[in-house]
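Paired with chain B in one complex and with chain C in the other, chain A is shared by the two complexes that follow.
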Partner chain A sequence: MTVTIKYFGLVAEAAERFEEILELDGVLTASELKAQCLNGLAIADKESVQIAVNQNLDDKITLKDGDEVALLPPFAGG
Partner chain B sequence: MDKKKPKKVFVQGAIPPEKIANSVANHQSKTEIGAHSIFLGQIRADEVEGKTVTAIDYTAYEEMAENVFHEIREAAFAKFDITCAHIYHSLGRVNVGELCLFVFTSSAHRKIAIEATNFFVEEIKAKVPVFGKEIFEDETHQWKVNK
Partner chain C sequence: MSRYDRQIKLTEVGLEGQEKLRNAKVLIVGVGGLGCPAAMYLAGAGVGKIGLMDHDKVDMSNLHRQVLFQESDVGRPKTVVAKERLEKQNSEVWFEVYEEPLTVDNAENIINQYDVVLDGTDNFETKYLINDACILTDKPWVFASIYKNEGQLSVFNYKNGPTYRCVFPKSTRQNISCEATGVLGVLPGILGTLQAAEVLKIILGAGEVLSGKLKLINMMQASEQTIKINKRPEEVEKIRKNGIAPVYIYCDLKNKEYWYLDVREVFEQPKPKGKKVLSIPMGDLTSRYQEIPNNQEVFVFCQSGKRSKNAIEILKNEFGFHNLKNVEGGIETIIDG
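Here is the complex of A and B:
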């Protein structure tokens, strides 16, 4: 299956990309994909990064083909 | 009237002070309103280890953020008896002293408007995927986190 990953803020900076399309095998939850994407990135507090699947902030979701996934660092609006 | 229509919140760059005056002027014909409450977020020249913030560069997961802004509006209208509510948030670079957030609620009476504005600001800070890069005078940066 194919998912689109969007990177934001300090995650985009550490990953040196804003978006990529990933080919994934097998059954994977959002939290497993997050760990995989953040692995090796220079981010001090990986716990503070949230993952959204189709704009839904639930890391227990099982990914499916065509999902849009976003890796979101702490919010800083206002 | 236009109470629940989705509206675009993001504006490119700083929010001009004239926008606040114009918004107030646009509500003078709505004579059921007895109180407006306004919150303005301004970029502060924070000092971090001897360096001073000169600007914040805002980015967002825009599609999700617009949806969350809409949900916050819906929740606010369900919770408070407000006549109208407007939110504007900056994207891109906003210099210190400039405005990055404008929340404007109106109601028949002051308490409701004040509480609604406070609700909007707290919800926006907690729930909207907006990210801020604090830029120092030497062009180095750090990432802002809401407290």
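Here is the complex of A and C:
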């Protein structure tokens, strides 16, 4: 299946991209995909990064072809 | 002709709406990049009472984005300057000044005196504090945060809607301020203005309030997205039952062998862990300098490296310390992570 990943904030910075399209095999939940995407990235607190699938905040959903996944870290600046 | 004529003409406002604005009370926590433009538009719209809360003083590096302040204001309390400026803009508005930080002790009492809270803060602990106090006092709050060229915006706890803890249940140590990352002045300008718009809609009961949604804006990419968020009732219940859950952000130091002196105020975070970290706020240096080791190197830090430099001057000139070294880039440069 093909899934589009959107990166935000310091996740985008660590991944050095705002978006990428991944070809994935097998059955994968949103949080499993998050772990895969963040693996190896220099992000101190990966737990704080939230996941949205098709513009809905949800980490338990099983992904399907054509899904858009957003990885959202909290921002603090003001 | 009324100063509000141009907005009264709108069907969403009218004379009735203007009266609602006149009777409304809005608390702005943090009069910085977000709080300045928000305060100006809310004052302009004729919101009856505006609370201005900030413990900070105007710094030259604020002027590119904190549009209420001028060069001659540098060194003066932000709240006091903001009140002076805004009173000139609209003398019909009552401004209440709080030259103190929002704390676990004062949050509920202060927020209870307002209808809506506008979050202009730059740190996670105060955002969670606003969130929890708003749950307990049953007030909506308009959230915004920035990271470099990106912003997040939402309205929380609006008519029993989702709260900040429903999006980010756990806090993070990554307390990265605009000072640390850099920001173009327009971005908090945009976000603060959008926050003011949400406040006005809440007061007027008009339009679609950004509740249950998180808006993501990337100013550089000229893109935006809205994410739907759901309530996590257990997160809200926990606060209702147990009260404010203070967030303390701890961090590890890269080098735990050295002695450190933290001259920030006690509420400033993150707090480094370790036995060799002394915490003495600037104001207490002259009464507590004897606690500082004088026979080995001590690294002195604050948030940015500015106050710690002054602290070293004081300790050197008044108490003869010669073993102090300034952490130039502030706390972010000495912590691990």
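General remarks:
Heads up, the rule we're going with is that the second predicted complex is superposed on the first by the 74 of 78 C-alpha atoms of A that agree within 3 Å, B and C clash if a C-alpha of one lies under 4 Å from a C-alpha of the other, contacts with A are read in each partner's own complex, and residues count from 1 in each chain.
We adopt the following convention: a residue touches a chain if its C-beta (ideal position, glycine included) is under 8 Å from a C-beta of that chain, and two chains touch if they have at least 3 such contacts.
Keep in mind it's a predicted model, so treat the numbers as computed, not measured.
In the superposed model, A:Ala76 lies in contact with both chain B and chain C. Contact with neither chain B nor chain C is seen for A:Ile5 once the two complexes are overlaid on the shared chain. Comparing chain B with chain C, the partner in contact with more residues of chain A is C. Of the two partner chains, chain B and chain C are each touched by A:Gln55.
By the document's definition of touching, of the two partners only chain C reaches A:Glu47; chain B does not.
Within chain A, the residues touched by chain B in the first complex and by chain C in the second are 6, 8-10, 48, 52, 55, 70, 72-78. Considering their complex, residues 6, 8-10, 13, 18, 44-45, 47-48, 50, 52, 55-57, 70, 72-78 of chain A touch chain C.
By the touch rule above, chain B contacts chain A in their complex via residues 41, 58-61, 63-65, 67, 89, 100-101, 121, 124-133, 143-146. Residues of chain C touching chain A in their complex: 30, 32-35, 119-124, 127, 144-148, 150-152, 167-168, 170-178, 181, 183, 188, 214, 216, 218, 221, 225-230, 337. If you check the complex, the residues on chain A that touch chain B are 6, 8-10, 48, 52, 55, 70, 72-78.
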